[in-house]
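Labels run A, B and C following the written order; every chain starts at residue 1.
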């Protein structure tokens, strides 16, 4: 069973690392900066999660796999023949960032809940939901904060909410249908919400318009 | 006795949540961003405090009360008939932010010390003072950092110092006069220092003037 | 033996505090802001390290020495006859920041590993390296983040890498030659790498040039 969770975690690690690398490249950082921001984005959410549940030292400091995968993903994305075609068109670049960030959000929301359950299977639902959202959004918040951008969770309308919806679905399905189905369904839901909200630019009430 | 501490904590939660919501509105965030920044501002200081004393998982992930109150406070403040009159005049807006931030600072400084004492009544005075200041100022630092502003603790002359003064007074009175009197006196002192420093724009030596 | 580690830690504390104070002064903060940023820069890396290895409450909240030294260092640096000659020339200011930041990076990288070893002598090499780099770079990242700058680790080409190189050297020499020699050699290596990279402006591949 553990191979499944490891696979989901690796997907999230690669996706978030590339999103961090893409952000670093758009800020004209050199290869070191690109790798460092990739690594922080990829492991940041998991470190926050481990600190919150008192599971120290954080997992990524005990198994080199995640740091190595994150560093390599960022470095590979920096290769000119991969990066250059994207840099030519800002739209292509934005799409990579959006796709990778969404995939990472979906994977890490599920991983966050699972990891918390493995530490203590009797954690309450509130803690599990918070762990899912924190693990899912934490890496991206660190990425944007360190790169000097307003974090995605404030700019993109349905971001933390998509993670929360996925976390709720996971908890509902987890007992009924098992971990595998719950994971796939939850990740699909998060990706779907993100894609739909981006496609239709869902308008939520803003402070500068009349709606409430 | 616990109802008293809970009451003070709820006052701080509502006040800091509204200060976060006001900051989010001034950055033209939508309702989701407003609620998220309100929640982070309200529970951020407490999470930092719980991590520092190794009291994991943090309290706000175990009892939904604080997250719900913070979310509702921010959402209510976002209602047009509450927010609109304030938005018309920047001065009114600034006053809400100042008032709520000061109230939150006062309440959470005291709550921080009390919570640390409940975890271990033999913690040293240095740790208790640090916990008070960290809990009091932590949420506001996160709020300003995430909103892309220079944190209050660097902009407002007497901010961390007000919290520290209140924390010292609390430790002095706590044994002599009991928790209730210490709490009220400490909160009053913090509010008084903040109001006086804002009213008289106390000038402290700056790096660009001649005084030392 | 402990006096040696304490000495290295005090060197790092003074150096990082002055680097924080210098940053605060360049942002025109008043004396309170200067002391606060000095303190956060000096103790921030150590707090992050202690949280990561579950050694709570962090050391700097238990022994007033480090907070007092950090506060005094920042306050002394703020004195006009020390600060004014530096403020006249931006180059002199930058050199102080560079020197102090490098010294702090070198000292805290070593201190981070030593402190982790004292908590648990069987920690793995990956954790020890991470602790060294986190302790060495953490304070500076907090300093730059709170001051609204792009962190040094992204701007300065060989920064986290210098810390990592020093951490590796320390682990290699530690068993063979003892703590003292390992400490001195590791600190010298970090300073050397930083000075050389600044002197020769080592060019690493950038996202906006052709190299990979």
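Here is the rule we use: a contact is a pair of C-beta atoms (placed from the backbone, for glycine too) under 8 Å apart; a residue touches a chain by one contact, two chains touch by 3 or more.
A quick note: this is a predicted structure, and the numbers were derived from the prediction, not measured.
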* Does the chain A and chain B pair touch with the same residues on each side or with different residues, judged by whether over half of the numbers are shared? -> different
* Asked: Once chain A is fitted to chain C on CA atoms, what angle does the rotation have, in steps of 5 degrees?
  -> 120
* Could you state the distance in Å from the CA-based centre of chain A to that of chain B? -> 29
* Asked: Tell me, which residues of chain B touch at least two other chains?
  -> 51, 54, 145
* Structure fact -> Residue set of chain C touching chain A in the complex reads 51-54, 123-124, 126-127, 130-131, 141, 145, 150-151, 153-155, 157-161, 204-208, 210-212
* Structure fact -> Residue positions on chain B within touch of chain A in the complex are 24-34, 36-37, 47, 51, 54, 56-58, 61-64, 67, 78-80, 83, 87, 145-148
